[in-house]
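The structures come next, written out as C-alpha cells.
Note that chain A is present in both complexes that follow, paired respectively with chain B and with chain C.
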Partner chain A sequence: MRDRMWVAYAFMLPVFVVMAVIVLYPLALSIWSSFTDLSRANQATVFRPGSEQFIGLDNYATILTSEEFRGRLGWTTIWTAVNVFFHFTIGMGLALLLNQKFRGRTAYRLVLMLPWAVPAFVSAVAWRYIFNGEYGALNLMLASFGIDGPNWLSDQFWAYVAPIVVNVWLGVPFMMVALLGGMQSIPQELYEAARVDGATRRQTFWNVTVPQLRSVSVAIILLGIIWTFNLFVVIFLTTGGGPGGRTDILVTESFNLFQAGQLAQAATYSVVILSILLIFVAVYQRAFRTEDVAR
Partner chain B sequence: MKQPLWERIATHAVLLVASAIALFPLIWVVSASFKNQFDVLSTEIEIIPSEPTLENYEALFNPASATGGYFWNWFGNSVFIAVMTTILSVFLAATAGYALSRYRFRGKRPTTSFFLVSQMFPAVILLVPLFQLLGIQLRLLNTPWALILAYATTAVPFCVLMLRSYFDTLPIELEEAARIDGLGPLGTFWKIVVPLSTPGIAVTAFYAFITAWNEFLFALVFLTQPESFTLPIGVRLFVNQFTQNWGGTMALSVIVTIPVMLFFYVAQRYLISGLSTGGVKG
Partner chain C sequence: MTRSTMRLVLPLGMTLALALAACTPAASTPADTDAPSDSEAAAPSADATAACEGVDSLTFTHTMNDQESPVIAEIAEAFEGTTVEVTQIPFDGAQQAYDQQAAGGEAPDVFRAEIAWIADYADKGYLVDLAGMIPSEEWDDYLAGPLAYGQWQGGTYAVPQVTDALALLYNKRLFEEAGVEVPATMDDFVAAGETLQADTDVENAFYMRGDAYWLQPFLWAFGGGLFEADAEGQVSELLVNNEGSVAGLEFLLNDVLGTIAPAEVDFPNDYNNAMTGFKEGQVAMIFNGPWSTADVLSGTEFSDPENLGIAVIPAGPDGAKGSPIGGHSYVAYAGMDEAKQACAVEFIRYLSSAENQGRLATELNLLPTRQSAYELPDVQENRLIAEFGTVIENATARPVVPEGGAIYTDFGPNFQAAWTGDKEPQQALDDVAAAWTTLLGDRLAQ
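For the complex of A and B:
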C-alpha cells in the first residue's frame, strides 16, 4: 500500500515527540555537562543563569586515569560476573529439578519465585536486618552452631559478599522461570530420539537440553548483565557503599557524586557506564551471532 | 521410567532447602512487623512473636508517631504516580509498538536500537539533567509530575518493546481483511488490534505500574517533604543513620509488597516471554 510510510510515521509521532523532550534532550544535556565543570554551586537556578565552563575532556581524563575508578570498575565487573554466574547456574539447577514430574512441583515453583515478586528495595532492607551484626538472624543462627559471625555489612571482606548474597537471592527466580519455560518448549521427540539412541542422561542434557536452551540463555544472560551492572538499590540499601565507599559500584558512585553536588563528574561517570555497556553488548551480540552462522 | 527412590528424596531435599532460603527473609519481615520494639532487637530467633502487636501498623497512621502518620499520603502518591505513568506509557507505546511490528519505514532500525539502548541507561545519566529541568526550572520538586515524567523515560521504551513483541505474535490476516473491508490504518489498529491484544496490553500496563510503584532512586531525589513521599521512600524514614525502627520498616514493607505479589502470580508466564523476546531481540 502506498500510504504505508507516512502512516508509520504518524503512529510513531507521539513517541518521537515525547522521547525527544524527556529522553534525547536530557541525554544530550547530560553528555554536554560531562564536558563542563557543572556543579551545584554554578548550575542555573531560578535566580541566576548557570555559570559552568566548557573544560573539554578533563572530567574523563581525571576519572579514567584515577586509581579509584579502576578499582571500582574491577569490583563492578566482579559484582556483575559473580551475580550472573550464580543466577544462571542456580537457576538452571532448580529449573532442571522442577522440569521433572512429581507431586508438589507447582507449589515449589511458586515458593521459589517469591524473591522475584518482592520489590527489590524491600528485599534489600530485609536482608540488611538479617545481616545485622548483633541481632541479625544470620548471626543468631551461626551462634547456635557456636560460630561467631562477623559484622556482615561493615567487615572489610564480608561487605563485598553480603550484597552479592542478597542479589543472588533476588535474581535466581527470573533465570529459573525463564529456563524452565525454555525446557518446557523443547519438543519431546528429541528426548525420545535420544533415548532410542541409548544416550545417558548426562549426554541427553549436554546434547539436547543445552543446545535447545541456547537462545533463551543468550538473551537472559545479556539482560542479567545489563540489569546487574546498573543495579542501584541493593548496594545502596545494604552496605550503602561501606565500609568507606569500598563496595560502591559505578552506578552508586555516580549517584554519590550527584548527591555531593559534583554534577559534571556524575554525568561523566554515567556516560562512561553507558559506553562500557554499549561496547559490551556490541561484542556480546557479535560473538553469539557469528557462532550461529558457523553452526 | 520410574526414578530411583534416592533420587526423588534428593530432589525434594534440594527443593526444600531452596524453598526455605527463598521464604525465610519474607517470613522474617512479616514476623518482625508484628514484634514490639524490644523483641525486634532480641537475640533469640522467634518466628512467631511471643507478644504479637499491631503497634507498627498503627504507627503508620498515627500523626504523633516518629514518621508523622503520613501513610495515606504516601499510598495516594504511589498510586497516582504509578497509574499516571502507566496510562501515559501504554498510550504512547501502543501505536509505536504497532508501527514497529507491522510497518517498514526509513529510520526503523535506529529507532529500535534507541529503545534497546535506553534499557541500558544508568539512572543517573538522566537524573542530572532531569533534576535541573524538572526540579529547578519547572519547579516540580515534591510534586508527582516530576516523577511521572522521570518514570516515563524508562517505561515508554520498555512498553514499546513489550508491545511490539506481543503484536508480532498476532496473525496479520485479520488486519488485512479489515483493510480490504475499508477500515483505515487507525481504525484497524483501534477496532481490530487493540481488542485482540488485551492480554499483552494488560501485562505491559501492570509491569509499568509495578516498576513505578517500586522505584526508589528518582523518588529519593525529587521528593524531600514527608507528605509528598511515595511508599518506598517512606521506608527511608524508619531506617537511617539516626534511627533503626525495624518494626515500622517491616510493616510498611509488607503493605508495599502485597499488591506486587498478587500481580506476579497472575502475570508471571506472560512476563517471561515478553521480557526475553521484547527486551533483547534486535
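For the complex of A and C:
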C-alpha cells in the first residue's frame, strides 16, 4: 500500500503549487516587507531597482507603541464582539421562529436571507444613503415624527453605531441559516423524551437544543469573529473611517496606509492582524477542544 | 413580520428612486450631439496618421465624471491616427492605481493625471519627457500656471487639459431677495450669510465640507498656507501650522460653522449634500470648481443658468486670499516603445488642440489651458468660463513636489478632528505638520 502513496501526493501537487503561488508567496513577501522601509517612493519598478532597506522590527515598534494603534485595536475588538453577539443572538431567535411549522415558512426564509444574497458593497452603499444626515430616508422618517436625526455617519457616537447596525443586518442570515440547519438535524426523539419527562419549553431549549447546537455554534462563532474582525467593506463604504479616522478598524487602516504609499507599514498592519487572529484561533480551539475531551 | 419587512423594503426603494433621480441629469447631457460641428475638423491629422504608422491601438484612461465622460470619449475615439480604447475610472484611488500599474509595466499609454500627481510619476521615471516632442510655439500657447505643474527637474512631462480653482458659487435670486452684495471679505461673507438666513427661507446660507481641500482658502485668507517649495522641490518651510493657518481654521470653526453653515455635516455624503442643497435653493452659497457647473445647472434652482453667480473666494483681514489651482493633464507612459510614444504624443496634441479644448469648454464649462482656446468665439461667449477666469487669476498655485498628491491623507482626518472638537485647532494642524515632516523626509530643509 505504502508504495502507492506517491500517487496521492502527485494528485495533490497541483493544488500545493497553486497554494504556494497565490497564498504562501504573497504572505512571505508581506512578512518580509514588514521588516523593511518599503514604500511607493522606493519600491522596484520596471524603470529602476528597488532601494528599500531592512530595518528590522522598527515598523512593529512604531505601530505597536502608537496610541492610534491601541485605540483602533480597542474599537476593532468592540466592533467584532458586538457584531458577533447580535449576529448570533438574533440569528438564533429567527432560527427558532423559522423552525416552527407555519404557513408561508419558505417565503419568510427567503426574505430573511435577502441581506445575504445582495452583494455586501451594494447593501453598504444603500445604507449610506439611508443614513445620510440631511437627505437620508432614516432622517426623513424621523423628521415626520418631529425628531431631528443626527449625522449618523460622522457623529462622534453614532458613527460607531451606524456601521454596526449595517453589519448586524448583513451578518444575521448566515448565523440564522447555520443554526436552523443545526436545529433540523437534532433527533426528534430527544424532544419526545423531554416531553415525556415533563420538561417545559424553556427547559427543552436550554437542555436539548443548546447543547445539540454546540458544535455548529463553536464553528460559526469562530468564522464570524474572523470575518468581522477583517470586514473591510462596511466601514469603508459607510463612515469611510471618519470622522477624523475614529472608526477605522485595523484592516481599513492597513488599506489607508497602502493607499498613502506606506507599503511596509501596511504590511506590518496585516501581519499584526494575522498574528492576532492566529493567537485567538489557537486559544479558542484549545478552550473548546479540552471541554470536549472532558465530557 | 410583514410590517418589519416593509420597513426594510421602503428605505431601499427610496434609495433606488434617489439613485435614479441622480442619474437623470447625466443621461441628458450627451444628447448635445449637434453641438459645435466645426470641432470635428480638429488637430494635425496628417501628422497623426504618419506618426501612428504601424501602431494598432492606444489605451487612454481618464477620471472625468459621468457628465464629462461621453464628451471626452467621443473626442478620443475620433482620433484619426489609430484606434483608441477609452477607459473611465473613478477619481478616488486613480493616483495609486496608475502608480502600481506603471511600476509593473502595465500602465495605460495615455493617462489623464491630476496635476499634483505628475511630479511623483515623473520622479519615478514613469513618464515620457514631452519637452522636445512638441514644437516650442505650441508650448508657448499654454498658460504658465497649469504648465508649471507638469515640469519637474528640467523636464516637461504633461500637457495641461483643464485648469480649475474653487470659487464662491452663489444663488443670485436669494442674494437679491436678501439685498446682499457679493462678499469681498470674510467678515462680509459671514454678515451676508446672516442676512440671507434672516431675510430668506434658507436655513443655512453656506455649506462647508469636511475635506481639507476645501479648508485651504481659509488658511490662505488668514495668512497661512501649506508649505514653501522651490523649483528643485526643496521645501524650506511648513506653513500649515503657522499663526495664519491656525487663525483661518479657528475663524471657520468659530465664526462660520454653526453661524452661517451647518455646525455638523455628514462627512461621507458632504459633497453630494452640498450640491443637492445648492441646486434646490436650500443653501445660498458653496465653494466648488468649474467641474461642478454642469451638475449645478441641472438643479431646479438653476433652470435659468443666469441665476448662478460665480465669485472669487472672500479675502481675509489683511486682504490675503487664495483658492487652490487644480487641474488635469495628459501624460504618456515611458514604458511604450519609441514608435508608440510618437503616436501617443500625437494623440495628446490632438486631444489638446484649441478646438477640442474649446469643445470641453463650451459643452462642459471646463477651463481651457491654451490662450488660443480662449479666443474661440464660442468660448468667449461662455459667461461661466469668463467668470471662472477671474477666479483663476486670484487663485494660488500649489507647491510642486512628488509628495504633493499625498499631503491630503493626513490633512483631511485632522481637519475633521478639529471640526468635531476631538483636537484643538493648533494641535490638529501641528499633527498635520508632523505627518508632512515624515512624508517629505529629506526634501524638507532641517
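Note that the second predicted complex is superposed on the first by the 292 of 295 C-alpha atoms of A that agree within 3 Å, B and C clash if a C-alpha of one lies under 4 Å from a C-alpha of the other, contacts with A are read in each partner's own complex, and residues count from 1 in each chain.
Operating definition for what follows: contacts are C-beta pairs under 8 Å (C-beta built on N, C-alpha and C of every residue); 3 or more make two chains touch, one makes a residue touch a chain.
This structure is a prediction, so every number in the text was calculated from the model and none was measured.
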item	value
Contacts of A:T204 with chain B and chain C, given as first, second, both or neither	neither
Partner chain(s) touched by A:L153 [first = chain B, second = chain C, both, neither]	second
First, second, both or neither for A:N99, with chain B first and chain C second	neither
Which superposed partner A:S254 touches (first chain B, second chain C, both, neither)	first
Contacts of A:G242 with chain B and chain C, given as first, second, both or neither	second
Which superposed partner A:Y135 touches (first chain B, second chain C, both, neither)	both
Touched partner set for A:V46, first chain B, second chain C, both or neither	both
Partner contacting more residues of chain A (chain B vs chain C)	B
Touching partner for A:L263 - first (chain B), second (chain C), both, neither	first
Contact residues of chain A, present in both the chain B and the chain C interface	43-46, 108, 111, 114, 126, 128-130, 134-135, 137, 140-141, 258-259
Touching residues (chain side chain C, partner chain A) in the complex	1, 5, 8, 10-12, 14-15, 18-19, 93, 96, 99, 102-105, 124-126, 210, 264-269, 273, 276-277, 334-335, 402, 406, 409, 413-417, 419-420, 422-423
Chain B - residues contacting chain A, complex	3, 8, 11-12, 14-15, 18-19, 21-26, 28-29, 32, 41-45, 91-93, 95-96, 98-100, 103-106, 108, 111, 114, 117-133, 136-137, 139, 149, 152-153, 156-157, 160, 179, 185, 189, 213-214, 216-217, 221, 232, 235, 239, 246, 249-250, 253, 256-257, 260-261, 263-265, 268-269, 272-273, 275-277, 279-282
Chain A to chain C touching residues, read off their complex	40-41, 43-48, 108, 111, 114, 126, 128-138, 140-141, 150-156, 238-246, 256, 258-261
Residues of chain A defined as touching chain B within the complex	1, 3-5, 7-12, 14-15, 18-19, 22-23, 25-27, 29-30, 33, 43-46, 93-94, 97-98, 100, 102, 104, 108, 110-123, 125-130, 134-135, 137, 140-141, 144, 169, 173-174, 177-178, 181, 216, 219-220, 222-223, 226, 230, 232-233, 236-237, 250-251, 254-255, 258-259, 263, 266-267, 269-271, 273-274, 277-278, 281, 285
